[in-house]
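This is the structure I want to talk about, given as structure tokens.
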Amino acid sequence: MTALDDLMRRLLFLPEARSTFAVPVDRLHFFVITVTMIASTITGLMAFFFFFKYRERRPKQSTPVVVPSMRFEFVVIGVPLFFFLLWFVQGFKDYVWYTTPPKNATDVYVMAKKWMWKFSYGGDGPNAIGTLHVPANRPVRLLMTSRDVIHSFFVPDFRIKQDVLPGRYTETWFEATKPGRYQILCSQYCGTWHSQMWGEIVVMPGPEYDQWIIEQRRGLAARVDTGGDDGPSFHGSIVEYGKKIAMDQGCVKCHSLDGEPHIGPTWLDLYGKQETLENGETVTVDEAYLTDSMIDPRGKIVKGFKAVMPTYKGRLAAPEAAALVEFIKSLRTQNLDTVPSKEAIYEPVKPAPRR
Amino acid sequence: MSSSETHAPNPHLAHHFETIEKQDYAVRLGMWLFLGTEVLLFAGLFLGYSVYRHFYHEAFHEASRHLDLWAGATNTVVLITSSLTVALAYHAIKKGQTKRCAGLLIFTILCAFAFLVIKGIEYHHKFQEGALPGQWYHYAEVTAPGANLYYTVYFLATGLHAFHVIVGMSILIWILSRVLRGHFSPTYYVPVELGGLYWHLVDLVWIFLFPLLYLI
Amino acid sequence: MAHETPETPPSQIQQHEHGTGRYFLVWAILLCFTAITVITGRTDLGSANLPIALLIATVKATLVVLFFMHMTEAPGANRLVFVVSLVFSIVLLVGVFGDLWTRHPMSLPPTAPTQESFDR
Amino acid sequence: MSQSNQLHDDSPPVYPAVNYLNADRGVWSWLTTIDHKRIGIMYLVSVMIAFLLGGIFAMALRVELLTPGPTIMGANTYNRMFTLHGVVMIFLFMIPAIPGVFGNFLLPLMLGAKDVAFPKLNLLSLYLYWTGATIALCGMIMGGTDTGWTFYAPYSTSTPMTLFPVLLGIFILGFSSIVTGLNFIVTIHTLRAPGMGWMRLQLFVWAIYATSIIQVLATPVIGLTVLLVGIEKVGGFGLFDPTRGGDPVLFQHMFWFYSHPAVYIMVLPAMGVVSDAIAAFARKNVFGYKMIAYSSLGIAFVGFFAWGHHMFVSGQSSFNDGAFAVISMLVGVFTAIKVFNWVATLYRGAIAVKTPLIYICGFLFFIVFGGMTGIAVATVSLDVHWHDTYFVIAHFHFIMVGAVIMAFLIALHYWFPKMFGRMYHEGWGMVAASLIVLGFNATFIPQFLLGNAGMPRRYYMYPERYQALNVASTAGASLLAFGFIIILIYLIYALVRGKVAGDNPWNSRGYEWMTTSPPPKHNFDHPVIIDRDSHDYQEPGEEVEHVVI
């Protein structure tokens, strides 16, 4: 059975099932899709076969009047209805199970925002951007809200998805079955970089996770999770290279690319701009200022922003810094209309107490 | 073709209909279908009203108390009366009483105008108070969450309705001009009937809007 | 609908004659109902306010449709069209409210009624 | 008129000297015409242009997706491009395509009428279509609309791009659609020729009737919805804006209340075309006429109760999810009934394998596969994974392209001689048809697999593991495009140089073939009296063999 499942999974290009919910979903999926393929192929082939079997043999050939019997009508209505309802019953049963998180689930709060995922573990637990650490074989409930538009939290390996709405909470839950790293994708269109709104779930064995969370609480590992692994060396233009670094280093988690101020100033049209600093001075944003700001971010803070950026001294090689500068330089308003950018006004609502 | 040869030629009969009765039947059916689309159009707004009333019950209740009940009630009476007169106008033209029909239509149009004037005064007050939709809302009297949505729904619903009043009024003026030019007779009065139907629909919508917005 | 054919001359239905009296009668009833709805609307009847107002509005609307709009004399197809449009308006409302009434309370806007206020 | 004479007429075909095409001359006579046939032809030209535009946008998207990173355009351009593709294909092509072109041209012919009930309204609907199309297209291209054709709030109300023109355009297009639907309903009620009871209507007419009901009932709601979004975008009314207490899910309810039935506005006429064409090419009485006719109405009706299956992961309640899911299954049953009947109509027919038959074969496969994957995505637990992925894209393209465009091509080939009195080249027709059916499979089957693998829709860049399937899909799309180019060429050639077809080249028994091809200005030169059923292929006096299966 599992061998057959695995064969079907490979044929259908499904990722491996890595959550408790994925297993029944895949079973039903295989059943439904097999019936679908059989039915549609038979229909197509039957039509094709009739074209030859009953082709016109002489002009204006006469044909019999074929009428359906009661039995035929019963079959054509009954058989599809039987299958459809069977699928519905099984599907809805699984779905209800999926929409009812177990009481003992670990809660993680998820905040979506153009174009990043932010996770916080409640209480004095850690916050993380882009990467969600969860224990294997324990249910985890996600309470999700959005700061701007509708996003959708999608983990293909877990077969779960839930829209994340601004102004209210939605929830979903899963129980990962195997330690590993799984991709989070945003599947509800949310603007320019919708297709880059990725994150990662790191599933750890239970004890390791407990250790991790304790460490996090102690603040020992107060580092920014960067998400994504360091791939092989990059081949492409310097701007693309800069972009990759910006993604890998998590720059874009604080600096938006679309003109909207975030934790840091936006990179759109940043290069060449006159910025007023905290101390009232003005500075022209050029290569020197940009490079300085990566190495000594707290030296010249643009007015209206907090000095929260960590130094990237030692974390960026010179060519990487240069690539980043080139990437920033490439971000000009030509594709985007200039509009007064506004900060999202919505603050997360207070979650309702657990029932 | 054959039908127009055998029947007495009727200038109002289109070439593709056999008889004027069939054509009238078609036109009436078309009108009712159109009224059906209007019902669905307003259904969307009533849905918006119901949903936000469900969410923000308190705010809707409170805000409805800050509308001018007497303006609303007067407008209801005005519209119901205009509905009566347009029905009477239809009755008159069927009997061939052209002058009576014209007089009733003029009265109906005046009612429509009166409705718009009263509505305009109400709008003016709301603009002054700052009881405006969505982001423009700055009315100090009602501060419950959702009050801005009440005024959003209020302005959208009454605005769309007022637009229908204007359209209805224009149609009635056009029909009046045709009545005065003697286009209609006891054998041909369908446009008067259709104009009347449209006007009744305008009344119908208001019959629901009035209690929902002003009273509860 | 399917069995209604234009062969039955629809025009005959229009021949039915009556005086203007019934229009005035309907008008008077409508005005009465308007007065009633204003009075009941502004008295606090608790949760009964909404159903009463809707009931009165429905009665008024029915009168307008039946007599002012001559639905009583209209052929079947026209009646059907109008009724169907009302039915689908209700379908729209029911579909959405089926969702609102059963939605997870956290998925409603923050100031929306909570589970407790439903139970009350 | 006696149909049997026509069937036994063996004299060489003649092109009618005076017909609707040359009865009046000059551009002005076309622009001011109230002849339903000319309006149909103008619709044909308009929707073909829209289809060409939408197709170019689609090809641009497919080329962009050849590589995981940027290929030929920027992210914003891509987002605008898929919005353009969606809006143009749905509102400018799919919805008016079959009703606007073939409904207009054929409905009065099939009813034995001289015109539709309200010819001037009919022309108005075409002008509204042109106005709406121009406003929507200009608005999208100049304003850079990037919301997708679904306009989900609050993204649509907060995007910096211009949105109002396209919404206004759609509002006007909605009006056009309503006017067409209203006109058709009244026409079918009042203008049937003597002897034509409801059970003698052709199945295409039944399908158009059901479609029109949806158009009239559902379109006002989308009109209002896009208007509300437009007002909110311009005026900040806050109706769908959560920062002001609005509910974005309400938008989705209102949007899908139209947009789900809109699927049936597109697919019902397609089913009608296939019902008629199958009977004509199999020379056989339609199997289960009543079942097909009533299932059209059934789909139109039940289609209104299924909109919530687009919202399973939107935060809608589980109760609603279940209710909408189970109703969606019923739509599947109605479609299944039709499919069984079509296949059974072929059984023991005398099938003339012509170009439309290739499409019919493709159509049958596509509608079963597309329909049943529709059932699959309506199966709630499965939809969680598939929602907003390429699986859904592939599913609805199987219906929209696989069923509707196949049917559009069936209609175009089947009724081309009716419309223009000339014949296209059969060989090239077959080649193009085979290319299109194959190319279609090659384009969209990989997309099902992409969806399984988890690639979300509207993705400009994607993880590298999805590249192989994307390349396969793009390759298939170019095959598809190639097929369409062939069709365009041989049809234009046939228009000018094609063989004269004769009045009834297929020996079809459809009522529309009872007049000359192309028909005269007022459709029939003789009074029409119907004395037989619409798909009655028995010769008078012929021994009828009855078979019960």
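Order of writing sets the chain letters: A, B, C and D. Residues in each chain are counted from 1.
Operating definition for what follows: contacts are C-beta pairs under 8 Å (C-beta built on N, C-alpha and C of every residue); 3 or more make two chains touch, one makes a residue touch a chain.
Just so we're clear, the structure is a prediction, and the values are computed from it rather than from any experiment.
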| item | value |
| --- | --- |
| Of A-D and B-D, whichever chain pair has more C-beta contact pairs | A-D |
| Inter-centroid spacing, chain D versus chain A (mean Cα positions, whole Å) | 34 |
| CA centroid of chain C to CA centroid of chain D, Å | 35 |
| Averaged-CA centre spacing for the pair chain C and chain A, given as whole angstrom | 46 |
| Shared-contact residues (touching 2 or more other chains) in chain B | 22, 25, 29, 33, 36-37, 40, 43-44, 47, 51, 55-56, 145-146 |
| Set of chain A residues in contact with two or more other chains | 165, 167-168, 170 |
| Where chain C touches two or more other chains, by residue | 6, 77, 84-85, 88, 92, 96, 100, 104, 107-109, 111 |
| Chain contact topology (line, ring, star, complete or other) | other |
| Touching pairs among all chains present in the structure | A-C, A-D, B-C, B-D, C-D |
| Partner chain A, residues of chain D touching it in the complex | 7-8, 69-70, 74-77, 79, 144, 146-148, 152, 154-155, 158-162, 242-243, 245, 248-249, 282-285, 287-288, 291, 312-315, 318, 321-322, 325-326, 329, 332-333, 336-337, 339-341, 343-353, 357, 360-362, 364-366, 368-369, 372-373, 375-376, 378-382, 384-385, 387-389, 449-450, 452-454, 456-463, 469, 507, 537-539, 542, 544-549 |
| In the complex with chain D, residue positions of chain C that touch it | 2-6, 77, 84-85, 88, 91-92, 95-96, 98-104, 107, 109, 111 |
| Complex contacts: residues of chain A adjacent to chain C | 143, 165, 167-171, 349-352, 355 |
| In the complex with chain B, residue positions of chain C that touch it | 6, 9-11, 14, 20, 23-24, 26-27, 30-31, 34, 37-38, 41-42, 49-50, 53-54, 56-57, 60-61, 64-65, 67-69, 74-75, 77-78, 81-82, 84-86, 88-89, 92-93, 96-97, 100, 108-109, 111-113 |
| Chain B residues within the chain C interface of the complex | 21-22, 24-25, 28-29, 32-33, 35-37, 39-40, 43-44, 46-47, 50-51, 54-57, 69, 73, 76-77, 80-81, 83-84, 86-88, 91, 145-146, 196-197, 200, 203-204, 207-208, 210-212, 214-216 |
